[in-house]
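In the two complexes below, chain A is the common chain; its partner is chain B in one and chain C in the other.
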Partner chain A sequence: MIAFLVRRLLQAIAVMAVVALCAFFMFQFVGDPVNQMVGEDATKADREYLRESLGLNDPIPVQFGKFALKAAQGDFGVSYQHKRAVSTLIVERMPATLELAVTAAILAALLGVPAGVYTGLRRFGFTSKLIMTLSLIGISLPTFLIGILLIYLFAVILGWLPSFGRGEIVKIGAWETNFLSVSGLKSIILPAITLALFQMTFIMRLIRSEMLEVLRADFIKFARARGLPNRAVHYGHALKNTLVPVITIIGLQLGSLIAFAIITETVFQWPGMGQLFLQAVQVVDIPIMSAYLILIAFFFVVINLIVDMLYYVVDPRLRVDQPSGGGGHG
Partner chain B sequence: MQGDNQALLSVRNLRIEFPNRRGTLVAVDDISFDIAPGEILGVVGESGAGKSLTGAAIIGLIEPPGRIAQGEIFLEGQRIDHLPYEEIRKIRGRQIGAIFQDPLTSLNPLYSVSRQLIETIQTHLPLNEREARARALELLDEVGIPGAAERIDHYPHQFSGGMRQRVVIALALCAEPRLIIADEPTTALDVSIQAQIISLLKGLCKEHGTAVMLVTHDMGVIAEAADRVAVMYSGRIAEIGPVQEVVRAAKHPYTHGLMGSIPHIGHHVDQLTQIEGSMPRLQEIPSGCPFNPRCEEASDRCRVERPNLQGVEQSEVACHLFDAQRVEARAGE
Partner chain C sequence: MGPPSVWHRIWDSDIFYSFRSSKITMVAAFLTALIFLLAIFAPLVAPHSPYDVATVDLMDAELPPAWEAEGDPRFLLGTDNLGRDLWSTILFGTRISLAVGFLSVIFGLVVGVSLGLVSGYVGGYVDSFIMRVAEIQLSIPGILIALLLAGTLRGVLSAEAYNDAIVYVLVLTIGTSIWPQFARTVRGSTLVERNKEYVLAARVIGLSRFSIMWRHVLPNVMGPVLVIATINLAIAILSEATLSFLGVGVPPTEPSLGTLINEGQNYLFSGLWWITIFPGMVLAVLVLAVNLLGDWLRDALNPKLR
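What follows is the complex of A and B.
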């Protein structure tokens, strides 16, 4: 287990180094940042001074070394556009995105898993077929359309929920949360549903097909032959055996929920990292873009690491440090 | 019709069908047999003869769309083939245990052996966790797992194939069932381990007075373990009788062919007998006796009229050859 963790950590570091390199080269190839920062009437000396103070005149390997070292400490430089530290900007925006993404993930799992089990068990039932048909909508409709439809229905026609923003925000230390005010809670409903819908149908379809597969397995037949109640067979033996692929997918999906909340954040004017990133793209604010790239890669790497560790919890066959195959032949 | 009072299990005129788009396939066609308490009944036949399906029907585990179309199954005089799911579930494991072919896949890989034993014990017996665990340990000891106390919390992948089959047997014995349906219990095992598992099964059942329906295609296993044997062909019983009689003096031409295909030590033969052709597929079962296209002694009657089981010596045989004998015998009286 420890050897495995060390190996995985080294892999994670390698991945992060490659991502940092990509992020770094964005500075080199996407235009001259100095042009973005100074006015039309800046003198050559002004520009040169800025260049020097930003370290843009150093040799490239040195620049990368400095960049990586600073990035590892959470220092991604100063935003060209906002003239503030990128790390501060991101830390301000991160709670919004994380709360949205995690709410969406929990929603997707809470609805997707039972729906998947149900449709897997009663594959020929009317309700199952209805759910499967409806889930096609979730899979095929683009996120922005769902978001706009939801806004139209619940905010414009019914007027039950706000159509944009985070509502009233409560501060706990540096963390700004939605969950402690009524308007904050109301605000998160629509964007979370929008973001969760695709993931939910995805998880549901995955669980369903895994269940269909597992239910054919001999150990399920044997569990029935032992007279175990259906509940134990379905939710214990069968569901647990679908978990390894499901955990993998849910983990990866959580990563992409965070990374690609951009569209939902735009539709709902959600003040998260996605919005920050989109604005940065519009004005070629490289420090923000590269920090975002590194941060998202970091989320993926961490989630993957957690998923790998969960395998150990779920599947005893992977716990190789235990004695195995002992006892010899009967 | 009520089952025989002496029989533990009575199967009467059982017919299992698989409806499909083009019609109905009859996988098991009007079979009847009894298993006495403590008796080991071997059921042999080729793949697709309907032997496993018969076992599945007894414990109510035929996979849809397959269904029991006709017939009755009695366990100790109680009819069990038409029970609601919950009722038959309580019989499974409690009164009828089951062992399947592949011990590698019969156990849930994610649950420890103790957990699988304890959940089965607690499903059927009113024991608390500690008592159930004690019983689980006893069972593992009984099926001959060395160091059961240390191994009880191991996972299936930590056991060898033979050991896993012993665990499966322990699981089948959890609630002291009166009958065990063993579906090819040794087929997936090494030859050297097969004999051990068979003698273990035989010993345990003798000790506990448990009857066994031993489904296999291995005549060696039957000869070793069974008291009586039923030979199935195309969903019907071709011959059923005491194992000595069926093995030594097979009556049905099919059984005869089966026995002829077994090599014997000490008998030198250039070539083993072989039955020409293969068992017909379900949609192609011929009229009359299903074996008639492959039978060297088939007459016109065999192609038209289905033979029913009839008593010959201690056995029952479904073959028209023995109608003639009976007629002759009567004529001679």
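What follows is the complex of A and C.
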């Protein structure tokens, strides 16, 4: 167990090192930081001075060392576009994105899991087929299109919900929330649904296919033969066994939440980290882009580590030392 | 009666039977083929030429579809904000979307299958390294990878060069985001094939590793690749649409479906719904049809379900 953990940790560190290298090279090869930061009338002497004081004339390994050290402390430099510290910008926008992501995740789980279980248990019913068809459409429609359609329906035609922005924000200490105002609550509905839709259909289809596979297994037959009521068989035995791959997938889903948050935030003008990143890409604001790269990589590495460890804990088969495993079910 | 012709054999085959018996799949295939043909022959089918600046008149801008009151019968689905006929622009835009989609899948396929073959056959450190990279990449959503790559390239090239080379940029970025799936599957199949007798026989004869991989193992591992390719075609088309929607894809001068939807979003509130809705519908139908085809293909070729 310890060897496993150590190996994974070492791999994680190696990945972060490579990512940091990539982020660093982004600075080196993409555009010229000095030109980006000063106006056009800066003299050559001024630029040289700036270059020297930024440490851009140091040898490359030294620059990389400084870069890595600063990154580890959370200092990602100053944004070209906003002229403010990148870390401040990110922290400012984090509440917006986090509230949206968490709302969407809860929505997706609340609706996706029961739907998956239902369509897995009653796969030939009409409602099941209906849900499956809707889910196929959910996967095929791009997120931004769903967002736009929702805006068109609920904001333009019906006028029930706002079409952009976060509504009124209430400050609690350092955190700005939009849950405490009516306009804020109204504003989060459409973006959260948009973000949740893809996850929801994904989770639902996954749980369904896992349930179908597990229900075919022998131990389910034996449980029924023993006379266990359907409820015990379905939830006690079948559902528990579907959880193992579902854990990985939830880990993956957290990742895709970030990606789709970028799109959703853009469609709804939601002032979160995703929108910040996209604007940075559009104007080639390297500090923000490289900060995002490092943060995302860190996030994924941590998620993968946690998922791996959870796997180890949840699936007893992985803990069996003997190769034969005795044929027992997990 | 002589031996059955090729057509009879296809008609009676397992795969075609499962195709015939699923109406949805046949509809999906028909729709996909229809969209393909319309896109390929866009220059012949489109009533107007939307990229020819001489024929586009700003006075025609923002006209609603022909069946509405202020519509113009010349422009079936209305015009966009620059006065281009929407139907023609959609046709050409679908062309770009499909081209980028296909090329990205081919790129990802070539890279992924090659790396998978090498990884599975050669094994050792090469295998570990390639698979590690693939695993890491698989855990990050494709859009993010594509966005980061696109953003970096945008910084390296000037804005003009970027737009000129946009198709190559998109194919490169989207292809990079999908190769790991191909690599993983092919590696798995290669590991299985490697121990079979025909490979051992080839090695005994003294064929080079490259020759064995390319001419003997490869044909036997291509099956699942087809399914992955189809599913990834839908993903590639969606990725291109998303990147264009976000502004880092195809520029508005020769817009793809995603770019059109983005442009149209600005006019949604003024009531000009057609600029967004029609390209959106085409995109949705296209991706849905390709997804359905991929689903059917996966079930038809899945040995466990036979």
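The criterion applied here is as follows: the second predicted complex is superposed on the first by the 306 of 330 C-alpha atoms of A that agree within 3 Å, B and C clash if a C-alpha of one lies under 4 Å from a C-alpha of the other, contacts with A are read in each partner's own complex, and residues count from 1 in each chain.
The rule we apply is simple: contacts are C-beta pairs under 8 Å (C-beta built on N, C-alpha and C of every residue); 3 or more make two chains touch, one makes a residue touch a chain.
From a predicted model like this one, the values you see are computed outputs, not experimental measurements.
Once the two complexes are laid over each other on the shared chain, residue contacts for A:21 go to neither chain B nor chain C.
Contacts of A:241 after superposition on the shared chain: chain B is touched, whereas chain C is not. Once the two complexes are laid over each other on the shared chain, residue contacts for A:278 go to chain C alone; chain B is not touched.
Once chain A of one complex is fitted onto chain A of the other, the partner contacts of A:137 are limited to chain C, with no touch recorded for chain B. Which of chain B and chain C touches more residues of chain A is settled by the count: it is C.
Once the two complexes are overlaid on the shared chain, A:263 sits against chain C while remaining clear of chain B.
When the two structures are aligned on the shared chain, A:306 is found in touch with neither chain B nor chain C.
When the two complexes are overlaid on their common chain A, residue A:255 makes contact with chain C while staying clear of chain B. By the touch criterion stated above, A:286 is placed in contact with chain C alone, chain B being left untouched.
Legend: residue contacts after superposition of the two complexes on their common chain; A:224 is shown touching chain B, with no touch to chain C. For chain A in complex with chain C, the touching residues are 11, 15, 26, 29-31, 136-137, 139-145, 148-149, 151-152, 156, 163, 251-252, 255-256, 258-260, 262-263, 266-267, 277-278, 280-282, 284, 286, 289, 292-293, 296-297, 300, 303-304. Within the complex formed with chain A, the residues of chain C that make contact are 132, 136, 139-144, 147-148, 150-152, 154-156, 234, 238, 241-242, 245-248, 258, 261, 265, 268-269, 271, 273, 276-277, 280, 283-284, 287-288, 291-292, 295. Listed in rising order, the residues of chain A touching chain B in the complex are 217-219, 221-230, 232, 236-237, 240-241, 314-317, 322-330. Residue ranges on chain B touching chain A, taken from their complex, read 59, 61, 89-94, 97-98, 100-102, 105-112, 119-120, 123-124, 144-147, 151, 154-155, 157-163, 165-166, 168, 171-172, 174-175, 190, 192-193, 196-197.
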